[in-house]
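After this come two complexes, each holding chain A, first together with chain B and then together with chain C.
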Partner chain A sequence: MTVQHAQEGSLTRPTTTDTYYPPQKAGSLLLTWGKRLLWANMIFSFIFLYAPILVLVVFSFNDSRFAAKWEGFTFKWYGELLSNDAIISAFWNSIVVAVLSTIIATLLGTMTAIAMERFRFPFRKTYDGILYLPVIVPDIVMGIALLAFFALALDWINTALALPSDSALRPGLTTVIIAHVAFNISFVAIVVRTSLRDFNKALEEAAQDLGANEWITFRRVTLPLIMPGILGGALLAFTLSLDDFVITFFTTGPGGTTLPIDVFGRIRRTISPEINAISTLMLMMSIVLVIASQTLQRRRE
Partner chain B sequence: MGKRRSLYLSFLLGPGAFWLLMFFVVPSLLVVVYSFMERSSSGGVIWNVSLEAYAKLFTFDPESLFVNDFVVIFLRSFWWAVLTTVACLLIGYPLAFYIAQQKPTARMILLFMVMIPFWTNFLVRTYAWKFILNNNGLINTVLSSLGMQRIPLINTPTAVLIGLVYGSLPFMVLPLYASIEKFDYTLVEAGQDLGANYFRIFTRVFLPLTMPGVAAGCILVFIPAVGQYVVPTILGGGKVAMLGNILAQQFGAALNWPFGSAIAVVFMILLMAGVLIYFAVEREEEAV
Partner chain C sequence: MPAINVELRNVTKRFGDFVAVDNVSLQIEEGEFFSLLGPSGCGKTTNLRMIAGFELPSEGEIYLKGQPVGQLPPFKRNVNTVFQNYALFPHMTVGENVGFGLEMKKLSKADIAKRVDETLELVRLPNLGARKPRQLSGGQQQRVALARAVVNRPAVLLLDEPLSALDLKLRKTMQFELKELQRQLGITFIFVTHDQEEAMTMSDRIAVMDHGHVLQVGAPTNIYEQPNSRFVADFIGETNFLPCKVTHRDNGLATVVVGDKIKMQAACEANVSTGDDASLIIRPEKITISTGQNNNENGNTVLPGQVVEKVYIGTDTRFAVKLEDGSVLNVRHQNMSMDDPLTHVNNHENVFISWQTIAARVLTA
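This part shows the complex of A and B:
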């Protein structure tokens, strides 16, 4: 009697082959076809997900003005990017916004997470709901709400301070950073709360029994344990800020052009090898970020 | 709670709560207030209470019912979001299932391959399709070099729908995978021992237990899809507009902030009602 091991993916336990079980046979025929379909769907999905990106990358090396006609290999579009001041300055604006909004959002998000997981207070449930809203509300709605808010608030400030129109406050990088913090607090809080929930509260109690005060307990016990969670949240916030187009679009102003805003202006008009080159670089950046987040995740586990 | 402890709590909670209140709650309420104000033709509003914006939105002239752009765009946005969600579920569920069945190394690689598009800039992924579908794009360049007629692909509903599904698929697969991975396969054996066939095991055991992933995936795909601005702008060229386009238009060129606000309010009420009904049904099913 030979024991045939269940193949990966089958739902059956190891079965003996020399005994005839009609229902199982019908079942396994179904399974074989099911498995083929699953495999075909997987292949289709990955072609669907990757073919457009690969085409984009390949044609960023195309030595032709006509974006989609292959005429030979070149690096020149990348060279031109480096000497394009608009793109370089948009890139630095993006980095400034992402770094500052990540720092503020990580700090505030982590503090919020600790308050939500370790304290009971009135309206906690309500606040819990509000905390999730920026994640669920479509970005276009948050964008127009902030546009309306900043227009009104800046108008009030300018009138109150009687600022002349040439030095009046206008939307720009600062309003973009404020807006990015507003949606990132929630994302950071959600990630950090998961890691606070996962660890053993007895460790904190033990530290306090041993005479550590709240601050020492936090710094020596809680913080090191939730550090991977905080870093994960920060990485998420950084990526979301770097990639955000819609909310930035509605909250920015003169001098506040980030990379996605610049890129949007270009791709709206046409297709070109330069855009392919910027896209390829942005893609590389994303891959680095995925690797970083996966490494963090592994460390957390 | 001791005095020290409540001081510590307000230190922790205060700054984040202030930020969210000031830059999320207040702006959202401001939109509600603006929707009841009079239009100022230079942007912003005139502070007189008026129902003009809602009247404009809800005036149904039976003769122009399907000519009325706003109604058509509302219906279209929700319908396309439904189509996108269904398409992502039909591709994503079997894909997540397949990945969850692999050996650890293969699983890790496949999962990683889903994550790269997930983390890739949305503009870049939308542009990739514009590059393929544009009038001077890849498909049309190939066609014309073969001596064939160019075909209009960009600025069509198909282009927008492809873009929507393409952009949303990773958001469906990852939550689905998370819940399929947790599935306890001894339950399948239990089902078999009790004489159930594969179809029955799938519909009675597997599907209900992976439902939280289906729900999370559907919400993550549906809500951003209804409010899409980038995809219809880049792949629809403004000719196949969705809700996001009229919102942007009212706050931009059209300078009708009260009307834009009213659209946003109705949109949010519809979305919230949908989500609440969904959770109510879910809870009832759990109770049964």
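This part shows the complex of A and C:
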């Protein structure tokens, strides 16, 4: 085999030198202009994408109440941010919602993906289609649907338990978490299914052949091999939860203010440099998450 | 008489309407190298997967050392498999892969380490325990897969076309090594292959399968020399088929007429009877070709013919010879020297072909 390859190589090499023509003037001119245009296009795209973000980051260090003019460098908006209780509590709410909804959605989404991929049951195809719905349905529809659902469900529970109005269940952080789990399950399930589809089932047979029962096979072989997919799904869920505004807006209530909701409330009054500072911090978090996910994927290879 | 190790009794496997294995019964002896041979889709792999426990038989029972195991899950059978594409665990080292089965049997860490080392030594891969499977070549991965299975000292080792992913030269080496390993360990091997040469060179016995049926079980010589059906004769080696009619039979010898013209005798299968339309089979290398009628001894069948094609292939020359009735036989003639008169035979020349009468066999058409 190898000998044949070597021969092929030595045969083709002279042929390529024979048919090699030096680049012609007109062609090379076209090539340089084409290249220049491509470069210009790329630079323009980057400016289009990142200039607003750059402005935001720069002005979060601007020593002026008014966003339009540069007055000098300062960290004071970050300082004010840290001493603003409303922002800090909204930040922690966001983290709590993101962490809890990610954990629950990852567990449920992974189990759903395994069930969909491995088992045959009635209406599997239908269920499969429905699973993708939250990904396609506009956030606003999802938000309104969840709002209607929670209104009905909470009312039903309050009536059933005959709770007095001062201790009745109301929308709040819990409803937000449930709403985030609801849309995140789909995303996790989709990502995990992809890695299950690539999974070589002979590996599970090999484990069982060597004496591992179903559970040990899952724990020792299946789970470690689909783990990158699960972590990828979890990371996606965390990011989606962290910056969700629309669905949170419809399902939140007293005590359930997340960071995006809080920022939106502030913007309605005035665009303050503090908002720039919060946004910069959130940007940093996103970057860290992206790097983390990339590192995870690289380690998998 | 060696003990029966694995037995399939009237085993049938259906996938929906498709019958993959149809009422198969087999007895495989202790320490035997047994091959399941057949074209793809003949049911040989399904058979193997049922013995392993990856598929459960729709009907019938499988016995392992006399115990019924047909409905047991794979992890409750003392059987190990070498998979077609090895199925090594990519996230574990070679050592962890090989030790996995022992770990499941809850052996101590020290015992596992010792047996893993011994087994890696056995498959000639010492000191590779710390590597990951993807760092190994195809041949090395093959050996790891083998080590991972035999380390458990199973009652039966199942091999599902284990050599098909290797290149020809490596495959030949591995065939030899597998056979050697089987001799050393004394474990029963059940080997699935579609490669008739591989089956012939390695097996003690072969079961030839087609369309879910076992057509013939026997030693390689038996399968090659006395095929019991057209399919077996055709699938294994090269064969000439001549349609014929049986005019008489007695004591395993039949008299047949080929093409209403040529009368001859041949060995005969038990299920052939007088008056049948049958096939006469004769292998090309069993036919002698000569320019004169000099093979006319007792026990030989001699026929005149005309060369219609001649192909020189170095070790031998292939002739296509047309008989009186118009049927054409392929003949292999070993090239002895340049003085061999047959070297100079041309197309359309008249020749004589002959064979030992019992080398030709009559089968039901």
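Just so we're on the same page, the second predicted complex is superposed on the first by the 263 of 301 C-alpha atoms of A that agree within 3 Å, B and C clash if a C-alpha of one lies under 4 Å from a C-alpha of the other, contacts with A are read in each partner's own complex, and residues count from 1 in each chain.
In this text, contacts are C-beta pairs under 8 Å (C-beta built on N, C-alpha and C of every residue); 3 or more make two chains touch, one makes a residue touch a chain.
Here the structure is a predicted model, which is why all the values come from computation and not from measurement.
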First (chain B), second (chain C), both or neither touched by A:Asp209: second
Chain B versus chain C as contact partner of A:Met284, first or second or both or neither: neither
Partner chain(s) touched by A:Trp39 [first = chain B, second = chain C, both, neither]: first
Contacts of A:Phe149 with chain B and chain C, given as first, second, both or neither: first
First, second, both or neither for A:Ile178, with chain B first and chain C second: first
Touching partner for A:Leu225 - first (chain B), second (chain C), both, neither: second
Touching partner for A:Leu163 - first (chain B), second (chain C), both, neither: neither
Chain C-contacting residues of chain A that also contact chain B: none
Chain A residues touching chain C - in the complex, by the definition given at the top: 1, 200, 202-203, 205-213, 216, 220-221, 224-225
Touching residues on chain B, where the partner in the complex is chain A: 1, 5, 8-9, 11-13, 15-17, 19-20, 23-28, 30-31, 34, 43-44, 91-92, 94-95, 97-99, 101-103, 110, 112-132, 134, 136-138, 140-141, 145, 166, 169-170, 185, 188-189, 192, 197-198, 201, 219, 223-224, 226-230, 233-234, 243-244, 247-248, 251, 257, 260-261, 264, 267-268, 271, 275
Residues on chain C engaged by chain A in the complex (per definition of touch): 52-54, 73-75, 79-81, 83-85, 87-91, 100-101, 104-105, 148-149, 152, 167
Residues of chain A that touch chain B when the two form their complex: 8-9, 11-13, 23, 27, 30-31, 34, 37-39, 41-42, 44-46, 48-50, 52-53, 55-56, 59, 66-69, 107-109, 111-112, 114-115, 119, 121, 127, 130-131, 133-134, 136-142, 144-149, 151-152, 155, 178-179, 181-183, 185-186, 189, 214, 239, 242-243, 245-246, 250, 260, 263-264, 267-268, 270-271, 275-276, 279, 282-283, 286-287, 289-290, 293-294
